[in-house]
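The first chain written gets the first letter, and so on, giving A, B and C; residue counts start at 1 in each chain.
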Amino acid sequence: MASQLPLNITLNDNISFANYLPGPNQVVYEVIHQFIEGGGETYLYLWGGIGTGKSHLLQAICQYAAQHNQLPGYIPLQQCIAIATDPAMLEGMEQLDFVCLDDIEAICGMDAWEQKLFQLFNILKEHSVPLIITGNVPPNELNLTLNDLVSRLNWGGVFQLQSLEDEDKIQALQKHAKTRGLNLPDSITHYLVSHCSRDMQTLIEWLQKIDYASLAMKRKITLPFVRDLLKNAAPPLSIDRRRR
Amino acid sequence: MYFEITRKELTNPLKAVVSTIESKQTLPILANVLVEVENNTLRLTGTDAEVEINCTVPLEASIGSDNDGAITVPAKKFFDIVRALPDGAHIQFNQEDENRVVIKSGKSRFSLSCLPAEDYPSSPEINSTLSFNLMHRALKDLLAQTQYAMATNDVRYYLNGVCFDFLEDKLAVVATDGHRLALATEAFDLAGKETMQVIVPRKAIIELSRMLENSDDSLEISMDANHIKIVLSDRLTLASKLIDGSFPDYWGVLPVNPNRIVTTQTGELKQALTRTSILSNEKFKGIRFALSLNNMVITSRNPEQEEAEENLMVEYNGEEMEIGFNVTYLLDALSVMTTKEVTLHFIDTNSSLLITPKDLEDVKMVIMPMRL
Amino acid sequence: MPTLLWDRCLKYLERELSGQDFNTWIRPLHALEENGTLQLLAPNQFVLDWVQRQFYQRIATIITHLAPHQTPTVILQVGSRKVPSAPLAKTTTSKKRKKTESTKAPITPIIRLNPKLTFNNFVTGKTNQLAQAASLEVAEDGYYSPLFLYGGVGLGKTHLMQAVGNHLLAQRPNLKISYIHSERFTSDMVNALRHKKMNNFKEYYRSMDALLIDDVQFFAGKKQSQEELFHTFNSLLDSKKLIILTANHIPQNITGLQDRLSSRFSWGLTVGIEPPDINTRVEILMAKAHLAQVKLPDEVGHFVASNIHNNVRELEGALHRLIMTARVRRQNITLTSAQDALKDLITTAIHQIPQLDVIDIQKIVSSYFSVSIEDMCSRKRTRAISRPRQIAITLCKEFTAASLLDIGKAFGNRDHSTVLHSYKMVEKLKNTDQQVKSDYDSILSNLSR
C-alpha cells in the first residue's frame, strides 16, 4: 500500500532535565544538582535497577554541562565492552570537564577494565574532574575483584534511585508528550501503561512511534488510533536490548 | 450614536472586518461587529478572540461630537444588508436605544438588535519587543510561497500556522504540515536587536494574505511574545495572538548536500504532472519519477489499472533512480514558483526532495517521498 | 575557542544520532577552527577511531552543507584543549596527515601533594598510632629510608605518606617531592618507552629529594617497571634521598615482586596499619565532620561507626552522603535522617532483586505456599489459593517490567483491573495483616537470592 513518509519535524524530545521526573527521587535529584553546580565533592555514585532513570540522569547531566560550555563525556560501559576488549576508551578522560560512567556492573571481574577504571578514578581526582558513576547495586555488592576500586567507589556520596510508581510514569509520559508538542489525553497514557509496558524507556519509544505515525497519516491521536497501532506495529526492543 | 455613509465607502471595510467573524461562536457577542464613531471617523472591528481586524473610514458629513458612540451589531446581517442595497445608496445608522439600531437607506428600513460595546473583547496590548517596516509586495510574496504548506487542525498546534523567524540578516518564513515544507527568505536587517521566532496562526495568515496588496507601500509589523500586530495602512490593522510553542528545526529538514540534481522548465513539468495526476490513485495521489541521463519519466497508475506516462527532457547526469510522490504536493510547490526553470535536488528514494527556483537561494520547497 | 560552525554541526548531529551515541562520541570532542581547518580533538585514540569510522563522513558532509564556499578540512586528532598539541598526541585525518609538532613538555607532569592531607587532621587510635609515630619521625629526621607503610584499603596509608611530604615541604619549600601511584609510574614509563623519552623519565625520578610511591603491589608481574624502579630506588638511596612506599601487605608477602626489590623495600622502616577500632572510627568521623564544618551529633557518629567497619574511606563516604543529604534538605544531621540516608549500607534490606520475569515469580510463590502454578492461574477462589495468587501478582507488578495486561494474561487470562485490584489489596494487607506481611517479606528474600 502507498504510504507517505513524514518529514523529520517532530519536536526534539532529547534527554534533558526538562523531561526528567524525579518522583520518589527528589532528594537524590537535588543532590545531583548541587553536585553539578560544583564546589563540593567531585565524585558521586548512583545505583538502582533497570528503569530507575540512571542513564537518563547521566545524559541529562552531559546535556546540562554542554549547555554551560563544558566538555562532558558519557561512557556507557555496557556498550563499550561490546565494542572493545581493551579499556582504551577510558584513557585521556581527564581532559574533559565532566565524566559520566554508566553501568559499572558491566565490567565487574574484567581485570583490565577494573584496573583502568581505578586509574581513571585516581587521575580524575588528581585533576579535580567531577565523576559520576552508576551501577545496579551499591559498590560493596558489585563483585569487583579490585578492592582498591571498591573502597574508592565508596568514597563519595552513594545514593539509591527508585523506580517510578505507575502514576509517576503516566506523568513522565505526559511530560515527554508535551516536549513533543502533543497533548495526550489521560485515557491514552493510562492505556499505554496498562497495556503495553511499564518500562519507561519502552513507553517513550512507543510515544515516538505514535508521534511518527500520526504525522505520517495525518491522524489525530485517539484511543482507537493508538490501539490499532499497538496491534500492528512491532514492539520496541528496548528491554531485551538492555538485558543483553 | 449616529452616522451617515455611502454604501460604496462602507462595503469594503465592512467586508474585511466581517471576514474574521466565525459562523459559530463561543460567545454571542463574537457574532457582532464593533461600530465606533469618534472625531468624524467610523471605526469597525471584528474578532474571533484570536484574530482581530479593524478598519477606519473618515466620515464626510460632519455630524458633531454629540453623535459619537460605540455599539456592536450582528455582523453577518449588517454586512448582508449593506451589500444588498443598490449601488450609490446612502446609509443612515442610528442607535435608537440600548437594544436597537436602525439602518435607513432611501425607502428601506432595518431594525437590528445590538449588544453594548463594553462587552466586546478589547484589542490586545502589545508591548512591542520588535517592530519594523516591510513592503506589502515583499510580505505578500513570502506568504504566497509558503502558506500552502501550513497544516490544518493538526494535533501539533505549532504546525497550524506560519513561522516568522527573524534572523540577524534575514527574515525566514516557514510553513510545514509534516509532509512538505516551504521556506522563503528576504534580506532583512535586525539592526542589532535580538533574534525572534513567532508562529502566526493559520487564520491570521489567510486573512492577512487576502488584505496584502501588490504594491511598494510600506506596512508596519510589531510584536511581543504573545501577539503580532500588522498595520497595513493608516486605515487597516490586523492583530493576532501567536501560537504558543516552538517551531521545529526547519533547517534540519533541508536535505544535506543532495547530489542528484535535475533542472527543468517549470511550466512543462507542471503540465506533465497535471496530466499524470488524472490517472493517479484518488486517495493517495501517488506518481512516480524515473530519472536517467537527461530524461525524466513520470508515471501514474490507479486501482482500475489505468496508466499515464509522460516523458520529459531535463538536465540530469546523476545515477538512475526512481522515487514516488504525492502529486498534489509537487503541484502546490510548482504553482508558486515564479522562475521559468526550477531545480530538483534528490538524495535517494527515502529522502526528501528539495525544489528551488533555478539559481536562486531564497525559496526552498521540501517534499517527502511516498513509498508506492 | 568554541566555533560557531561546529556548534551548528552539533545541532544536526544531535537531531540525527541517538542520545547515547551523541553523548558518548560527539559531545567529548573539542573543536578548534583555524586556517581553513576544523580540528576536532578527541580524548583518546579509541574515541578518535570510532568517530573516524562511524561519523566522520557525516560530519564532513554537514560541514560542507553549512559552509559550501569556504569549507574547512575536518581533522580528527587526539588532544586536549588544556594542553594544545600535546606531545603524545597522534594525528590522523582522512585526507591529509598532519604532522604534530613535538614540543618539549615534561614526560611526567609534576604531581603535587594534596595539601589537605596533613598530620594535623590524621586521627589516631590504637590501630594506627605506630604508623603515625613512625611517619612523623621520618618527616622530622628523615632518618629511615625507605619508609614502608602497609595495610588494607582505605585505612589512611596515602594520608600518612602525603602528610610526611607536606610536613617536609612546609619546612623546606624548595624540596623536590613527587607523589605517584604505582599504576601511573608504570603507564608513564610505557609511554616514555614508546616515545623514546626514557632518559627524561629516568632523570625526572632520580632527581627527586623525596619520592612517594603508592600501592607498590601494583608492580606485581611487571618486569620492566620493576627493573626501572629498582634502579631509581638504588640511585635515590645512594644519594641519601627519602623514599616512602605503601602496599597492601608486607614486602615479602607481595606476590609477583622480584626478591631484590622486596628485600630492598624492607631496608628501612616497615610499619602496618590495622583497621580502626570503634572509638577511632568515631573520632575519625568527628574530625572529618569538623573539617567539613558540619555538626555531627555524637549518637550519629556512634551509629555510623558501629555499622561501618571496613575502612576509613567508607566512613568518609557515609559522612559525605549524610552531608549532601542534609544540605539538600536544609536540615541538620539527626539519628533518624542518618538511618534513613544510610539504610542500604546498614540494614541487610533486600535491595538487589535480579531482573525477573513473571514465570520466575510464579515458581517461587508456588513453592513457598505449596500451591501449584496451575491452581494459582485457575478460577479457584478459596483463600488458600487466592492469597498466593494476589501476592504473586503484586510481586510481578513490583519487580517485572511486564504490563498489567501481560501479568493478567499470565494468571489465567485475568484483565488488568483485576491485577490492579490484587496489588492494591496486598499493599493494604501488608500494613494490616501480620501474616501477609511476613509471607511477603520471606518471599522477597527468596527472590533476592
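As a working rule, contacts are C-beta pairs under 8 Å (C-beta built on N, C-alpha and C of every residue); 3 or more make two chains touch, one makes a residue touch a chain.
This one's a predicted model, so the numbers in the text were calculated from it and none came from an experiment.
Across B-C and A-B, the chain pair carrying more C-beta contacts is A-B. Overall, the chain located most centrally, as judged by its C-alpha mean against the mean of all protein C-alpha atoms, is A. Averaging Cα coordinates per chain places chain A and chain C 19 Å apart. The distance from the centre of chain B to the centre of chain C, each centre being the mean of the chain's C-alpha atoms, comes to 60 Å.
Centre-to-centre spacing of chain A and chain B amounts to 43 Å, using the average Cα coordinate of each chain. Across the assembly, chain A contributes residues 8, 12 that each touch 2 or more other chains.
Within chain C, contacts with two or more other chains are made by residues 15. The set of chain B residues touching two or more other chains comprises 249, 252.
Interface residues of chain A facing chain B in the complex, by the touch rule stated above, are 2-12, 180-183, 214-216, 218, 220-221. Those residues of chain C whose C-beta lies close enough to touch chain B in the complex are 11-12, 15, 61-62, 64-65.
Interface of chain C with chain A (complex): residues 2, 14-15, 19-20, 23-24, 27-28, 30, 42-47, 50, 78-82, 111, 152-154, 181, 183-184, 187, 215, 248, 310-311, 313-314, 316-317, 320-321, 324-325, 327-329, 344-345, 351-353, 355, 397, 401-405, 416, 420. Every residue of chain B that touches chain C in the complex is listed here, in rising order: 249, 252, 256-257. Within the complex formed with chain C, the residues of chain A that make contact are 8, 12, 14-15, 27, 30-31, 34-35, 40-41, 49-51, 55, 58-59, 62-63, 66, 69, 71-76, 79, 83-84, 88-93, 95-96, 100, 115, 118-119, 122-123, 126, 136-138, 140-141, 147-148, 150-152, 154-160, 193-199, 202, 239, 243.
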